[in-house]
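Below: the structure, in structure tokens.
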Amino acid sequence: MTARLTATGLRVVRSGRTVLEVDRLEVHEGEVLGIIGPNGAGKSTLLQALALLERPASGEIAFEGAPVRGRELAYRRRMAVVFQDPLLLDGGVEHNVTLGLRLRGVPAKERRARARRWLERFGVAGLAGRHVRALSGGEAQRVSLARAFALEPEVLFLDEPFSSLDAPTREALLSDLDGVLRETRTATVFVTHDRDEALRLSDRVAVLMAGRVRQVGPAWEVFAAPADGEVAAFVGVETVVPGRVAGVSDGLARVAVGEGITVWAPAPPVPAAEVLVCLRPENVAIAPAGEPAEAGSVRNRLPGTVVRVVPAGFQARVELDCGFRLSALITGQSLRELALRPGDRVTAAFKATAVHLIPHAR
Amino acid sequence: GGGGPDRDELILATTTSTMDSGLLDVLIPAFEEESGYRVTPVAVGSGQALELGRRGEADVLLVHAPEAEERFMAEGHGVDRRLVMHNDFVIVGPPEDPAGARAAAATREVLSRIAAAGARFISRGDDSGTHQLERALWQAAGIDPEGEAWYVVSGQGMGATLGVANERRGYTLTDRATYLALRDRLDLEILHQGDPVLRNVYHVIQVDPSKNDRVNAEGAQAFAEFLVGERAQEIIGEFGRDRFGEPLFTPDAGKDEADLR
Amino acid sequence: MDLIWDGLRQSFWLLVRGDARVYEIMLRSLLASGAATLLALLIGVPAGTFLALRRFPGRALVLSAVHSGMGLPPVVVGLVLSVLFWRTGPLGDLGLLYTVRAIVIAQTVIATPIVTGFTVAGIQALDPRLRLQILALGASRLQLLWLLLKEARLPLMAAVIAAFGAVISEVGAAIQVGSIIRGETELLTTATVLATQRGDFGLAFALSVILLALVFCVNAVFTLIQQRGPRP
Amino acid sequence: MDLIWDGLRQSFWLLVRGDARVYEIMLRSLLASGAATLLALLIGVPAGTFLALRRFPGRALVLSAVHSGMGLPPVVVGLVLSVLFWRTGPLGDLGLLYTVRAIVIAQTVIATPIVTGFTVAGIQALDPRLRLQILALGASRLQLLWLLLKEARLPLMAAVIAAFGAVISEVGAAIQVGSIIRGETELLTTATVLATQRGDFGLAFALSVILLALVFCVNAVFTLIQQRGPRP
Amino acid sequence: MTARLTATGLRVVRSGRTVLEVDRLEVHEGEVLGIIGPNGAGKSTLLQALALLERPASGEIAFEGAPVRGRELAYRRRMAVVFQDPLLLDGGVEHNVTLGLRLRGVPAKERRARARRWLERFGVAGLAGRHVRALSGGEAQRVSLARAFALEPEVLFLDEPFSSLDAPTREALLSDLDGVLRETRTATVFVTHDRDEALRLSDRVAVLMAGRVRQVGPAWEVFAAPADGEVAAFVGVETVVPGRVAGVSDGLARVAVGEGITVWAPAPPVPAAEVLVCLRPENVAIAPAGEPAEAGSVRNRLPGTVVRVVPAGFQARVELDCGFRLSALITGQSLRELALRPGDRVTAAFKATAVHLIPHAR
């Protein structure tokens, strides 16, 4: 099946600097492609180029296989964009939400009905008559969302669309939109800084860094099996330590980390001697020293010392010294029960499958 | 008329004074009614009027700058030049008359006194008929006022120049009609009048039609003949009587040029 | 000062008595300057938008030229157009000289740089991302232009007001290309000049007052359009 | 058309020969209009900012009046000021009539509404939250004004350009309150008018060309200031 | 000790609508006051009023006890604000960051030094020469942060200051700023929609709803013991069910919920018969039916049926029917181990201290 949108050899230059260089990227019907990456990586630029808002220095974009060049307007009318900033036009809320439909020649009645439907969905139906300058930040973002969704596009671009929404609304929308997008088979490109959002909404995730796609794959894979050390650090794999594969058997690799410490991990697809051992803090459990941390398939049990406990909202980040620096994220409840303090001796436990090995050239 | 539709059109280049006095507002409708021509009056300085004639941009001229007119005719720009009317000029100034103009008999003497006293004199300086006459008068008096500190150029029409004279407490040469119209607002008096050299003689000139194929020779001829005709002459003789109690112009058609000097 | 009162009184009577000539002159002034402003908009707005959004070599030069056009002396415009429109001039065949159409053209020449210059400034002052947002909503080139202009409404309406004000109050060019032909090309301003020259200051003031009143009414409408919509 | 070439040639020679009178007139025009523009800025910018930021009853009326001021016919300004400055007028004692100072005053009256109107538009077009942001940075009232004006630089510079252009190209008012006194109040425009009236079209064109060149140079500087800074 | 900033009887009206009405609010030296609330609640308005940017319809603001009226400028110069939108002024990045200092007459050398220091701290020192229109969203927000911190104010207002930052940067800043603010004894008012951020950075949290402060107290208290049902829902207490106190002994209340279900909870300070039983999903553990869920002090064990499992990033939300609707948040790891499916019978376990009772008038 041809992708709904394909970008090939895309390069965008701004003030002489190449800010984006993407060899190939596809978005399929009914798919949500998450884009994550550091500030200034080029995410918004990528969105703008894909949305045919900016003519790239080179490269081509094809809509269902057909190059768009020369017929941008027609294709642009099958897309919608929610920008990072709401960018509402001077006028009323309803004016803004119906505008795109008016530009497409949709009859007034239909326009109003759609505007009402989507304003309601985003919880701002009561503001339809309000002037856009009299909106709060979050209200403006909701109007901007309604404006894009009212177009009922085939391709939808969302640039950090929930950043100003209050927590319950964001929560509700995340569940809600997931359904809507899948139902309408919309191809969605979704930029976010929130790992939870990326994981919950995206089918595939692309990691953009310094203008280049560093990894693209199923959402869970990007977070669990980052392609390199930088991506690993970015997606929240807090423990990234060099190791050496001492042996492989039954698909499991025995990795030597530091002085006499062994970590079990799934063998990398490409045999490699030098690797980076990656471990998400969410996947590490902590038990008092000696006590079995958890029953079952927990292959890795490393004794260690608590170095630091950092409360992180409802959870806490515990940094351990197990011969190497290891980070674990535990629930507030566990923290209270374990009553961890720096210097306490504990056991860190994690499954072999929670570990990801990146082949690594020294 | 005849020929194309623009043959009905007639461009009259004239001096601002005829326009300002309102005389044209009476004469033109009368002519248009009688002849069927449509007249476009262009009121400019006499210099500009003659220049427009020279370029064939006007068909007929009604001007009052005798010397320039004669040059114009001598250079062959016009085909006929006929006497139409005259009005007269006066020299006005502040009642206290610092130069003693009142006492002088001849215009020449008035100017000499003004120059001698270094009293301020306001000139229109716009090459209009009035300005040209003024220059001729200075020349006759053997004085070159250009560049003198007391010689002020207003660069404006007669009404405004009178205003400048009033403000700057200077003398100026003005046509009687404009002065009469503004008299109430001015603190200026007629200090000298009556010298034959102060006559302001208007001629109508038909522009040489061979300049370009646009010049409307028949129309020009018709207008010139109208002006020297009985009806126009009568209108001219009556014009201004209702407003000032005396006519502003004297009809002169058919008179000998020399009689006016 | 009595002159001014006199003028006010006289203007009042001119209007109340319904002096047909005065109304005719008013209407002609309004139509000529309105047409010129409209033409200036039709030329200046697209040109200004182009200059605002496109970068090309020599742009600063063009912009300086446009800005200089704002300082084009009406007298010069009148002079140049006269020369062009002269019967022997390159455009003499059109027979435009001493017609209202010539006045409209002269005023258009005067108003266009004003509209262009302020369109450039107004559009450039907009958030550049608005352009992308509007395109993203599916706007065609023309729709984009229209929506950008709506966003730049405030400076643009000011420009329209300034352009209209400049041309309706202008005499230098109007007199030269239109002369002051009663019933044909007489305008409020040129009639005022004539009255002044005749020393009829009362009428001159009366006509000025009428001109100002007219400009005020038109501008009140423009101002309402400009300031429409709640601004917190 | 030959006239236009003639004018260009003549203007070139006037400048090259270094005709002292021409340079004197140029300088006077520049200084008078520069002074008037400066005065208009000093009055119009604070007034415009006030009108832009404050809401008060009658504001729309005041704004309409300002906008009408943009259409204040120079002839009327000249007439009214003349009446005021007449020796018998209320301000006669100042002895201003037919001096350059009178011209500067008249031109200031003409330029001020232009500057005010565009200041209002320029400031109003800014994001209202910018005002809060600038205050939050610790700006005093004056600093706020200055920073807002910098933000509205584009339309404001356009307004300065328009105002300067309007006054340096204007004749109606200058002639009435300043007359054309050689060596005292002669300006480029009034000298042009004079030359036109004399039928000396060549000189008229030459002076126009010089005026345009002057305006162009001044505006090139303004344009550079306006367009300074990278705009993506 | 007098508070650094005190607002009394504050009322702000916009277009005739009262959008803010706060009886009394204090911010102390060295304290971070978090402000949370739904979109449009008036958080930004409150900030603007406190920052002396908007003259309220009524009310007074005092700085260290002294009313500010008439001397706003002087006090404003002891404050700094990071707005919800970066609102950078036309010009370069450095120009923006030094501007506030210039307005205060700080010498050029010092200005540049401070700008450099803070730009570096926020990771945008490399952009000092960049025009602000050539920044990405996150870069602009960092510059806006640097601009406020460079003023080294006594009172700092932050309106959703991290919303556009990438996750690692936000994480690093949160730890970093906490230290800076405490060290400099800055009084900080901090608006956020992120519960984690609120909990991590704030000493006290105020909940604003429809223009009114509904609860203000220590951060943990607001999240654990919301003042009413609406606040409870807003702060993420997903289980809120009515109950009746059946008896109190030893400070523990026995609460009857629904048909024959008993929940143990700390007795409310004010005796009440009718209560709302509040429970955060983070505090509920799930075990296979019959098996002891956790050892120790877990007083409440309710049998139930899995209704729905919603993956939520690295965690999963499990909705149970225990006679009433009960929501639990478990780690991805637990989810995989328990392999929960709708219809599975499980035991929900939570401590008595995890339950909060709100007196409730029917």
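As written, the chain order gives the labels A, B, C, D and E, with residue 1 at the start of each chain.
Following the convention adopted for this analysis, a contact is a pair of C-beta atoms (placed from the backbone, for glycine too) under 8 Å apart; a residue touches a chain by one contact, two chains touch by 3 or more.
These figures come from a predicted structure and were not determined experimentally.
Least step count on the touch graph, subunit D to subunit E: 1. Taking each chain's centre as the mean of its CA atoms, B is the chain most distant from subunit A.
Ranked by number of C-beta pairs in contact, the top chain pair is C-D.
One finds 90 Å separating the Cα centroids of subunit A and subunit B. In this assembly, the C-alpha centroid of subunit A lies 56 Å from the C-alpha centroid of subunit C. Chain centres here are Cα means. That of subunit C falls 17 Å from that of subunit D.
Mean C-alpha position of subunit B lies 35 Å from that of subunit C.
Chain contacts: subunit C has residues 3, 127-128, 196, 201, 230-232 touching two or more partner chains. For subunit E, the set of residues touching two or more other chains reads 14-15, 85, 133-134.
Residue positions of subunit B with contacts to 2 or more other chains are 160. If you check the complex, the residues on subunit D that touch subunit C are 1, 3-4, 60, 63-65, 67-76, 79-80, 83-84, 89-90, 114, 117-118, 120-122, 124-125, 127-128, 152, 154-155, 157-158, 161-162, 164-166, 168-172, 189, 192-193, 196, 201, 204-205, 208, 211-212, 215-216, 219-220, 222-224, 226-227, 231-232. By the touch rule above, subunit E contacts subunit A in their complex via residues 14-15, 36-40, 43-44, 84-85, 134-139, 141-142, 159-160, 163-170, 175, 193-197, 199-200, 223, 233-234, 236, 280, 282-283, 285, 296, 310-314, 331-333, 337, 351, 354. Residues 3, 86-88, 92, 95, 98, 179-182, 194, 196-201 of subunit C are the ones touching subunit B in the complex. The touching residues of subunit D, counted against subunit E in their complex, run 127, 129-130, 132-141, 143, 147, 150-151, 153, 229-232. Those residues of subunit E that touch subunit D in the shared complex are 48, 51, 53-54, 73, 76-77, 79-81, 83, 85, 87, 89-91, 99-100, 103-104, 131, 133-134, 147, 151, 157.
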